[in-house]
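Here is the structure we will look at.
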Amino acid sequence: DAVNIDRVLEEIKNDDWISHSRLVQTATGVREVSKQLQRRPIRRAVRNVMIVTKARDNELVYLTRELAMWLLRTPRYGSDIGVNVYVDAKLRHSKRFGAASIVDEDSRFPSMLHYWSPDLCWSQPEKFDLVCTLGGDGTVLFTSWLFQRIVPPVISFSLGSLGFLTNFEFEKYKQHLNTIMGDEGMRVNLRMRFTCTVYRNGTPGGEVEEGEQFEVLNELVIDRGPSPYVSNLELHGDNELLTVVQADGCIFSTPTGSTAYSLSAGGSLVHPDIPGILLTPICPHTLSFRPMVLSDTMLLRVSVPRNSRATAYCAFDGKGRVELKQGDHVTITASQYPFPTWNTRAATQKGFESKPGSQAASDNDDEPEWD
Amino acid sequence: DAVNIDRVLEEIKNDDWISHSRLVQTATGVREVSKQLQRRPIRRAVRNVMIVTKARDNELVYLTRELAMWLLRTPRYGSDIGVNVYVDAKLRHSKRFGAASIVDEDSRFPSMLHYWSPDLCWSQPEKFDLVCTLGGDGTVLFTSWLFQRIVPPVISFSLGSLGFLTNFEFEKYKQHLNTIMGDEGMRVNLRMRFTCTVYRNGTPGGEVEEGEQFEVLNELVIDRGPSPYVSNLELHGDNELLTVVQADGCIFSTPTGSTAYSLSAGGSLVHPDIPGILLTPICPHTLSFRPMVLSDTMLLRVSVPRNSRATAYCAFDGKGRVELKQGDHVTITASQYPFPTWNTRAATQKGFESKPGSQAASDNDDEPEWD
Amino acid sequence: DAVNIDRVLEEIKNDDWISHSRLVQTATGVREVSKQLQRRPIRRAVRNVMIVTKARDNELVYLTRELAMWLLRTPRYGSDIGVNVYVDAKLRHSKRFGAASIVDEDSRFPSMLHYWSPDLCWSQPEKFDLVCTLGGDGTVLFTSWLFQRIVPPVISFSLGSLGFLTNFEFEKYKQHLNTIMGDEGMRVNLRMRFTCTVYRNGTPGGEVEEGEQFEVLNELVIDRGPSPYVSNLELHGDNELLTVVQADGCIFSTPTGSTAYSLSAGGSLVHPDIPGILLTPICPHTLSFRPMVLSDTMLLRVSVPRNSRATAYCAFDGKGRVELKQGDHVTITASQYPFPTWNTRAATQKGFESKPGSQAASDNDDEPEWD
Amino acid sequence: DAVNIDRVLEEIKNDDWISHSRLVQTATGVREVSKQLQRRPIRRAVRNVMIVTKARDNELVYLTRELAMWLLRTPRYGSDIGVNVYVDAKLRHSKRFGAASIVDEDSRFPSMLHYWSPDLCWSQPEKFDLVCTLGGDGTVLFTSWLFQRIVPPVISFSLGSLGFLTNFEFEKYKQHLNTIMGDEGMRVNLRMRFTCTVYRNGTPGGEVEEGEQFEVLNELVIDRGPSPYVSNLELHGDNELLTVVQADGCIFSTPTGSTAYSLSAGGSLVHPDIPGILLTPICPHTLSFRPMVLSDTMLLRVSVPRNSRATAYCAFDGKGRVELKQGDHVTITASQYPFPTWNTRAATQKGFESKPGSQAASDNDDEPEWD
C-alpha cells in the first residue's frame, strides 16, 4: 500500500510534544507532500466518457454528436474500437443528435452509446472515467451540481473565448483527448469545493433540522434578496463569533470562484492551489470590512439572528435561491469532494488576465436548464 | 521517532501512478496533518530569554529592566531562581537600565544576565528559547531582521494599542509568561517569511552575481524610487513570464504583511495560515491588473530588462533600499525559516478589525535603530 | 429688482457669436456669481417652525415637547412671545407629548401650536419658514420625501453621533436657533435633489404612460431585486446610448448621497457644492465600468429592454421599491427643487471623516414610519 | 456689449438679503447660463495655425509637413490661398521637414510659414488662432505647458488609438479643419487647469518667497519621492486644516486628468464639465481616507510641516520634479486660464471606456522633449 497518511496522523496524535525544530521540519515536509501530490498522474484507463452540454443549443448538439462519434470510433487501449460514451438523456430522441444513425454505423455501437441522467450521476458517479463539457463556465458549474459527491475528472472545452473554467479550445479536442487516453496518464488539479448545509430552527428552543445541502465550485452568496432591510448576519468561525456582517451581503468564494462574482465585489484573484476561503463583502457599510482570505480548515457558520428584522437568501453557484429565516443558519466547509480538472503544463500559467467571469452563471445565458 | 514525513515523501515518489480516489484521499489527509501540526505544543524548557526593544526610548528601557528582573527572580522549573536573560548590548552601560544594581541583588545574577548583539543572533540563534519584544510592530520587524535564519519563538508585548504583530498587552506579561513556562508548553504559529535574493548582472553576457539577501516578514516592495519613469518590470513564476508589471510598483506580501502596506494598496486581508504570496500592484496602469494571491510553492523572479529606461528600488520590510539596475533581478520564495509567534486560543480569532498598520515600518517612528 | 439672470440669458441667446476671450471671461464670471450666491443670507423672519421626528420613539417625543415649548415661549422679533410650531399630527393625542398641558400654559398657545400632516406639506410647503428634524439621517430623508416640491430651510439635530445630514447636536439647539432667528439671517446650502420619473410602456407600440415620480436627496438605486438574473439595463444620456449596464445594479447618487450607499459600492466622496450626478455600479461585471461623476445638466434615462430576461427594481432614498418591467424606463434629472440646509461656517469644513452612513435608510431603524 | 456678468455680480453684492425662493431661482438661472455658454461657438477667422508635435519622431515630421502644406495651399475665407502656419523652430533646418521645398512652391509661402518657440508661446499666445497637435496625450500636455497663460483653441490628432485628450483621427484632418474654418465656427470645451504655486519658507520667522508656478491640465502629484519616510503633509482648504495626509502621496487631479493617474490610484471618472478638484490618495494608511471631489472654488494648500522628518516632491503633469522642504507649501486653485479643446457633437459622448491613460506622461515615451 502506497502512502499511509492515516498512519502519519496517528503518529502525530501519539506524540504529545514536539520540539521546535521538529515542528518546522514536519510542517515543511507536509507542504512538500502536498506539492508532489499535485504532480501525480492518475492511473486509469478511460473506458467511459460522459459528455455534458446545453441540450437546447442546436450547435452544441451537433458538436456533441461529432465528439461522441469520434470517441466511439477511435481505437483505444489495444482494441480496434473506441470507448463508451454517455450523453444527456434529453438527446435520446433528438433529431439533431440522431442517435439512430450513430448506432447504425457499427454493430457494437448500440451497446456503447449510453444516456446519463442526474439520477445516474448521483447514484453511480464512479461509472464515469472522464467528463467532457462543451460550452461556457455555466456548463462546468452545472457539472459540479450534477456530482454532489465524488466528481470524475473533467475536461472543459470552450467554443468561443476561453473562460477560467473552460480553458481548452474545442478545435483541439482530438489532440487533448489522445493525450489523456495515451501513455502519459492524466494529471489533474483538485479544485476545492465547499459543502454548504442549511439548518432550520423555526421555533425557539426547538430542534435544529438539517435542510438543503449543496457542493459549490464557485461561491455561496448570501444577501438580503428582495428585502429593503439588511439582515445583520452573524458569522462564526470554529464556533467563535468573528463579526456581524454589515453589508448588502457576502460572498464565500473558492479560489476557483475568485475570478467570478467575488472579483466584481472587489476580491483578490486567488490561485486555485491556495487552500483558502474568500470572504468578500457586497457593499459593506463599514470601510474596515475588507475582502479577506480565511483558512480552509475553518468551519464557517452564517446565521440570521432570531430577532432580525429581515431574512436572508442563499444562492449556490448562482442557483437555488434558498431563504434563511430567523433562527436558521448555513455552514460552509471545505468539501471532501474536490472537483478534478485536467491539467496540462500549458494550462498552469494563467490568471493574469483578469475579468470577472461566469458571474451568477446566468449572465450569458450559457447554462443548461437546471430543474 | 515520531512523524516520518520523509518516508511519506519517499512512498509517494515510488508510487508512479495513483488512482483517482487515492489521490483525493491523500490530499485530504495531508491537509489534516497540516491542521494538526498547528495545534502541537512545543516541548522545551525556556532557559534563555532575549528581550528586544528600542534602546533609545526611556520608558521602554525602564520596562525592560522590570521585565528582566522579574525573569531573573521568579523561580522556574523546580529551581528557586529564574531564567537567563539577554538584553541589548546597547544597555550595558545605560544608567536607566542600571545593570549594576540588578546583578547586585543576587550573587547568581551576574552569570544570568547577558547581552545580545546582532552578531550573536546571527551566529547562535538557537541560544535563545524565547524572544520577548517590547514596542510596536517595528520592533517585531527588527527582530525578524536580526534572525536571518532560524528564529526562536517570539512573544510581542505592546504598550499602547495592539497591533497585528504585537497582540499582547504588556500589563499582562506575568500571566502570559507564566503560561509559556508552565506545564502546558508553548503553541506557536509559524508565520511565513520570504527569502529575497538580489542578483547582479551588470554586463551583457557576463556572470550573474548573487547580491544582498533578506528574510522579510511583511513584504518586499519594488517601485520606481525617485525616477519619474516607470520601469516595465518583468515578473516570472517558475521560469515562465507571468506578466510585465505596468504600475508604479508592486508589493510581494506575506499573509502577515497583508494588514500593512498591501492593504493600503488595495490587497485583501489574508489569514496567516494561508500558504500564499500576495502580489499587490501600486497604482496599476491597467484596470485588469488586480491584487492576487499566488501559491507559495512558486519561485518568483522580478527583473529590470536590460533595455529599460529606468531602474527600480527594493525595500525589505520597509528598510534597506536597494537599487536594481538594468539586467538585475530579485527572487522571492517562501522561506525555510518561518517566524514562530506565540499563540493562545484567545489570539486566534482576529483580523476582522482591519486598518493598514506598521506600514513602511517608519510611520510611527517606532522601530529601533537599524544600522 | 435685484439680479436679472433672465436678462443675462436673453443677452447670451441674442449674441450668436462670442469671441474666445469673451467666452472665457463670461464663464469665469458665471462661476463667481455661483460662488457668491452660496454666501447670501436669506431675509426672512421665521414665524412658523415645523418639527419632524419619529413619532414612535418615546425619548424623541419628550424632546419634541421640550423644543416646541421653548419655541412657543421664547420672545422673538420684538414680540413678548415665540413663534408658531407645527408638530406631527400623530402627536395630537399622545400622552407623552401632552398637548393639553402645553396649551394650558398661555392663552395664546392654543392658536400657536399646530399639527402638520403629509397632505399639508404637499399642498402648502411655503407655510413653513423652517423645519427642525430630531433624529438620524433617516428623519432627514423622510423630510425630503414629505416635500416633493419646494422645501423650506431645514436644520437637523442629532441626538447621538453626528451624521452627514444631521450635523448639529441637539444639546445646542437654543444657541443655533437663536442665531437663525437673530439679526444675521440664515445662510443655507442648496443641496441638489434628483427628480426621478418612472414611465410605463407595457405594450409594444403603445403609449408611454408617466408613473411614479419622486424627489430623492441621497440616491436612486436600480438593481435586479429578487431575480437571479441580471437585466442588461440601457443607460442613455441626453438621448444617446452611453452604456449597457452589466452589473448587479447601479446607484445614481447626489453629492449629498456620496457618503451613503454609493460609498459602500466604491464611489468617491463628492462635496455637496459640486453639480454632479454620481453613477456608481454595484458589483460591475467588467473592470472598466468604474464609478463616475456625470454633469448634472444631463438628462439620464435607464430602461429595461423589451427583450430583457429580467425586470429591475428602483428604490428612492432606500424606499418605495418600484418594479420596472420590460419596456419601462426611469429618468433622472437634477431637480428644480433643491433641499436647503442651514449652514454655519463651522459646518462647512467636513467630509474628511468618511464612513458609509444613512445607507438604505433602514439600517438603524431610524426613520419615521413611511406609509 | 453682450453679456455683462460684472453687472450681475455688482447687483448681487448690493442686494444684502435675498429671499429663499429668489435664491433658488437665481442659482438655477446661473446654472442655465453656464450650460448655454458651453454651446456658444467662437467667432473668429483662423488666420494662424500652430502645429505641435514630437520633433524627433520621423514619421510625425513627415505628417507635419503634409499638414502644413495643406494649410498653406487650401483657399480660405474668400482668398485664393490658405492660412499662416507655425511649426516648431527645431524643424527649421530639418531635412525631413524640408522647409526650402515648401516655400519654393508659391511666392507667398515664405511670408506664411513661420516658426514657433517656447518664448513666442509665452509672450504672444494670442498670435495663434488654433493649435493642432499630432501625437499622443503627452503632446497635448506639452502644449498645455507651452501656454502658461492664455491657451488658443486646440485640436488634437491621434495617429494610433484615440486617447482621452487626442480624440480625433489624423486621417480625417481635412474634414475636421474644413469644419472649423467653415461657416459654423468653432465650439470649444473649456477644460479646467490648476494654477499650482510653490512657496518657500526656509527659515522660521522668515519671509515666504514665491517659487515655481505651473499650470497643469491633468494633475499635480505630491509624494515622498526617494525618501523611505512618509511626510505628514498638511492639507488646508480656504485656510482651514482639512486633514493631515497619511499616505504615500496624493494626487490633485482635474476632471480631464481623472482618466490618468488618479484612476490608477482608485479615483472616479469625472466628466470634464464638472467644476471639481479630485483629491485621490496614493496608498492611504487609513481606510477612511477615500478619493474625493472637492469644489473648484476652494483654495487648497499643501504644506510640509517644519518638524517633518521628510520632504516631499511635486510633479506637474508628470514633469518638473520640485522638492518641497520643511516649511514650504504649494497652493492649488482652479486656473483663470482654461484649456479650450475643439468639441464636436460626436466627441461629447465619451468616458464609458475607462482605462488609465497618459499616466505620468512618460509611459509611452510619447512626449516631445521638455527642456
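General observations
The letters A, B, C and D name the chains in turn, as written, and every chain counts its residues from 1.
To be clear about the criterion, a contact is a pair of C-beta atoms (placed from the backbone, for glycine too) under 8 Å apart; a residue touches a chain by one contact, two chains touch by 3 or more.
The shown structure was predicted, so the numbers you read here are calculated from the model rather than taken from an experiment.
Taking the mean Cα position of each chain as its centre, C sits at the greatest distance from chain B. Distance from the chain A centre to the chain C centre is 47 Å, each centre being the mean of its Cα atoms. Averaging Cα coordinates per chain places chain A and chain B 35 Å apart. For chain A, the set of residues that touch two or more other chains comprises 263, 287-288, 290, 354-355. Taken chain by chain, the contacts link every pair, so each chain touches all the others. Here chain D touches chain A in the complex through residues 287-288, 290, going by the rule given at the top. Only residues 225-226, 228-230, 246-248, 261, 263-266, 282-287, 309, 313, 315, 318-319, 321, 354-356, 359-360, 362-363, 365 of chain B touch chain D when the two sit together in their complex. Chain B meets chain A in the complex at residues 2-6, 8-9, 11-37, 40-44, 150, 152-153, 185, 188, 190, 237, 240, 242-243, 255, 263, 267-271, 273-276, 278, 288-297, 336, 338, 340, 349, 351-355.
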